[in-house]
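Please find the structures below.
Next come two complexes built around chain A: one with chain B, the other with chain C.
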Partner chain A sequence: MLLIDKYAYTNRLTNTNPYIKFAIVVIALAMATITTNIYINLSILIIMSMLTTVVAGIPINKYFKLLFIPSTFLVLSILTILISISRVDIYAWRIEIFNYYIGITESALQESILLSTRVFAAMASTFFLGLTTPLNNIIRVLKKMYLSNVLIELLVLIYRFIFIFLKEAMEIHTGQELKFGYSNMKNSLRSTGLLISSLFTRLILRYRDMVVILECKLYDGEFKIGD
Partner chain B sequence: MKKKNYLILGILFLLLSTPSVSNAMHIMEGFLPAKWAIFWAIVSLPFLVIGLRKIKKVFKDDVNAKILLGLAGGFVFVLSALKIPSVTGSCSHPTGVGLGAILFGPTVMTVVGTIVLLFQAILLAHGGLTTLGANVFSMAIVGPIVSYIIYRGLKNTRINKRFTVFLAASFGNLATYVVTAIQLSVVFQDPVTGLMGSLAKFLSVFAVTQIPLAIVEGLLTAIIYNLLVNYNSKGVVNIENI
Partner chain C sequence: MIKVESLEYKYKDGTKALKNVNIDLDKGNIIGIIGSNGSGKSTLFLNILGILRPSKGTIKYNNIPLKYDKKSLRNYRKEVTMVFQDPEKQLFYSRVYDDIAFALRNLNVSEDEIRKKVELILDRVKAMDLKEKPTHFLSYGQKKRVTIGGAMVVDSNVILLDEPTSGLDPAMSEEVMSIIKDLSNEKKLVVSSHDMDFIYEVCDYVYIISKGEILGEGIPEEIFLKSKLLKDAGLDKPWLVKIHEYLGIPLVKNENELLKNKLIKESI
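Now for the complex of A and B:
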């Protein structure tokens, strides 16, 4: 249902040792954020994409689509960092409007290039973890890190409910679409509003059912989490 | 009923007219250098620990609170994953933590918000693992605290309850955006004008998307709050804070 989650369970590295994968990702992330070298970042990007596409077998076109999801944020922020306005002219490239200079400085340009390579290196590392490791394996790693049991319970519960809600949202959406609910702007506005409010009503229903079900199973406030 | 439909329409109109940047709320993966990533993680940690303590206490009193919190987390996540039809093609989403802060208290929301942010990073590529600390601080610590203070402050005055909720949620959202802008501008100072210059730049760039989004969040939260009050009076859910 979620593309990343689907691949996490179906790629060639699903069952390899999660500790090793986790360690690789931590080292890669640390290297990308600590060093300020474009070439190190680029090599992390290449190695991580190779690991995900060639070794784990994630389709390349899907992989690049995912990699460019946050591109709007990246472009906006990079532009914000690049362009500055002032009265003094210290820019490598600038335009002049009413005694003010709007332009790009040498240092800002270098910083932006470094930043973009770092972002892509770090994203490739996180995607490697997200795309090749299913949640049950991530939980195993987290348990080894002596995370509080309450936190892990909540993690698993939220993960479970995410998919229940997503499924319901999609079913409602399909139903609405079949009834031409998204045929024009006005309809799609209304449909989305109805979708959100009925999703919330279902949340309450789920809660009620779940309380009854758990009571039948002699729930005493603790979920058992394996190993 | 008719009135409510108009309200929903109004919200969605705002959502659509927003030139949305879905990730503006979250600092993306790898954006912060290690020094700052670690700094924000350390700042956020005590809040998380306090939240966990609080949650343990809540769970002891009411075993079903665990399920309700899980559901709330799932709902927040799905709201953020919903592709709301939008002009620019990307999706915009409210944070949803304002409501949680009103219902469960700000520290509890820190824990739920952290988990939701983690899932957003792994499953949706929103935010990131290295920037988790910074995002937790803006979205799951400052936002809920601001919402909670506003709600608490106005709760017993004569101001309409729904309006109070609206104010709490939208100002919580705004606080998140301001903190994010500060976090970014501290790291990426403008070479010419320094800290204040870059802060002004980041604030103005994100204001375009975030201010309408804050209003949407407020309206949406008020509607859901209404639904909750109805259910509460019917005895389906038991939440004392309402």
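Now for the complex of A and C:
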């Protein structure tokens, strides 16, 4: 089972009105995107983290671990903004190699700081929604907002099938582990390949069963959502 | 009701999965179909549902042979539906309520009507407390009950149940059994199972299938006395039949009757 999903159904804000939570998050996201003030971004980050950990009761260490998962991407993209190469010395901090300067300019530094705080503020906001609101409630909000049925249908099915997919993968993995499939590098590589191929065959078989079952449930080409 | 007449089903490679199968669902209210693994039970069910098309023979519903065009099949499946063995494969929505409502929404029933019907069904399969739960949080037994609910909701006349108690703990089996008994008051049920005790207690008519052929049929109190037949089909006797044969205790239908029977009490 997914950790995020478990928290969404068991935290102290699970049953709070999803519309309110959704509105708060949308406002916070808008503010983080529009403003160029790092203090506003930092306060959004702090408020959202507090709401998620202190108010909703998500364990702090788990929360920060989750928050730092996307950080790798952030660091990579910030680095490209931060560092530049030039023949002219325009840098606040630089190194010189063969008449070229590699370094950081004052404005790039400011921009990077603003961007990082903005990203963290936005992430804290979406994490707040994701960690405290069950997907079924989010779907209800999206329906009220007249989001296209096709998209909601996709969301519903993807959400359901992620768990089936993960369960199958985990079962195969455990089976392989018990037979020492991951005891060394060579075995691990082979096992991973086998896992992927057998997952694929299982999915095809499951799909065939699914078609029969859908037939019995009078499915006519559309997963209806209801109110 | 449904009649299966001299049905034969061949796989694409030519092997016969079913040979000259005759079944009449008018012979009881809960019909048991028992046989070992690979005996052809599931293939038979898929034929009855019209998913597979027999190579020979016919399936008649209310004395009219089944038609295989899309519209007739759709109408037929409003009357005849099935609960499959693996509940995991039958749940499509991440909310119990939506999943039970699925077939009704496919029939374009109004949301008000759906709400009423789903609540009624949730109550009958004792799953009211699961209504808003995400399906991946349910236990196997709870999933099973929800899938039974999902089939009941259409108000069909016939429900086929493939191994309804497999993989369930005793308490959950007991619950599924009581749901089935309750259902049989208004619907025709066809149950396949390996659990002879369950079949013996629940069914009022039983077909024994082996290697694609019907080996025997009859009411449970008679068919389960035929030792050779059961052995040929790779099946066993229910414990109530065994104690009747080994200890000479009168043959009763279930444990309750056994405990209440005066004759038995005296002899103990």
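Criterion: the second predicted complex is superposed on the first by the 223 of 227 C-alpha atoms of A that agree within 3 Å, B and C clash if a C-alpha of one lies under 4 Å from a C-alpha of the other, contacts with A are read in each partner's own complex, and residues count from 1 in each chain.
By our rule, a contact is a pair of C-beta atoms (placed from the backbone, for glycine too) under 8 Å apart; a residue touches a chain by one contact, two chains touch by 3 or more.
Computed from a predicted model, the values in this text were never measured in an experiment.
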Quick one: is A:Leu115 in contact with chain B, with chain C, with both, or with neither? Answer first, second, both or neither. first
On the A-aligned overlay, A:Met210 touches which partner chain: chain B = first, chain C = second, or both, or neither? both
Dominant contact partner of chain A by residue count, chain C or chain B: B
Looking at A:Pro134 after the superposition, I want to know if it touches chain B, chain C, both of them or none. Which is it: first, second, both, neither? second
For A:Tyr159 in the superposed arrangement: first (chain B), second (chain C), both or neither? both
Give one of first, second, both or neither to describe whether A:Gly181 is in contact with chain B, with chain C, with both, or with none. neither
Kindly classify A:Tyr219 by the partners it touches after superposition: chain B alone (first), chain C alone (second), both, or neither? both
After the superposition on A, what does A:Ile69 contact: first (chain B), second (chain C), both or neither? first
The intersection of the chain A residues contacting chain B with those contacting chain C is 5, 157, 159-160, 164, 206, 210, 214, 219-220, 223
Which positions of chain B touch chain A when the two form their complex? 5, 8-9, 11-13, 16, 21-24, 26, 28-34, 37, 52, 55-56, 59-60, 63-64, 66-71, 73-75, 77-79, 81-82, 84-85, 90, 111-112, 115-116, 118-119, 121-126, 128-130, 184, 188, 190-193, 197-198, 201-202, 205-206, 220, 223-224, 227, 231, 236-237
For a test of understanding, state which residues of chain A touch chain C in their complex under the given definition. 1, 5, 9, 134-136, 156-157, 159-160, 163-164, 167, 206, 209-210, 212-220, 223-227
Name, in rising order, each residue of chain C that touches chain A in their complex. 46, 49, 51, 73-74, 77-78, 81-82, 84, 86, 88-95, 98, 101-103, 105-107, 111, 114, 132, 134-137, 150-151, 154
Of all residues in chain A, which touch chain B in the complex? 2, 4-5, 25, 29-30, 32-34, 36, 66, 69-70, 72-74, 76-77, 79-81, 83-86, 88, 90, 105, 107-108, 111, 115, 118-123, 126-127, 129-130, 138, 148, 150-151, 153-155, 157-162, 164-166, 169, 182, 185, 188-190, 192-197, 199-201, 203-204, 206-208, 210-211, 214, 219-221, 223
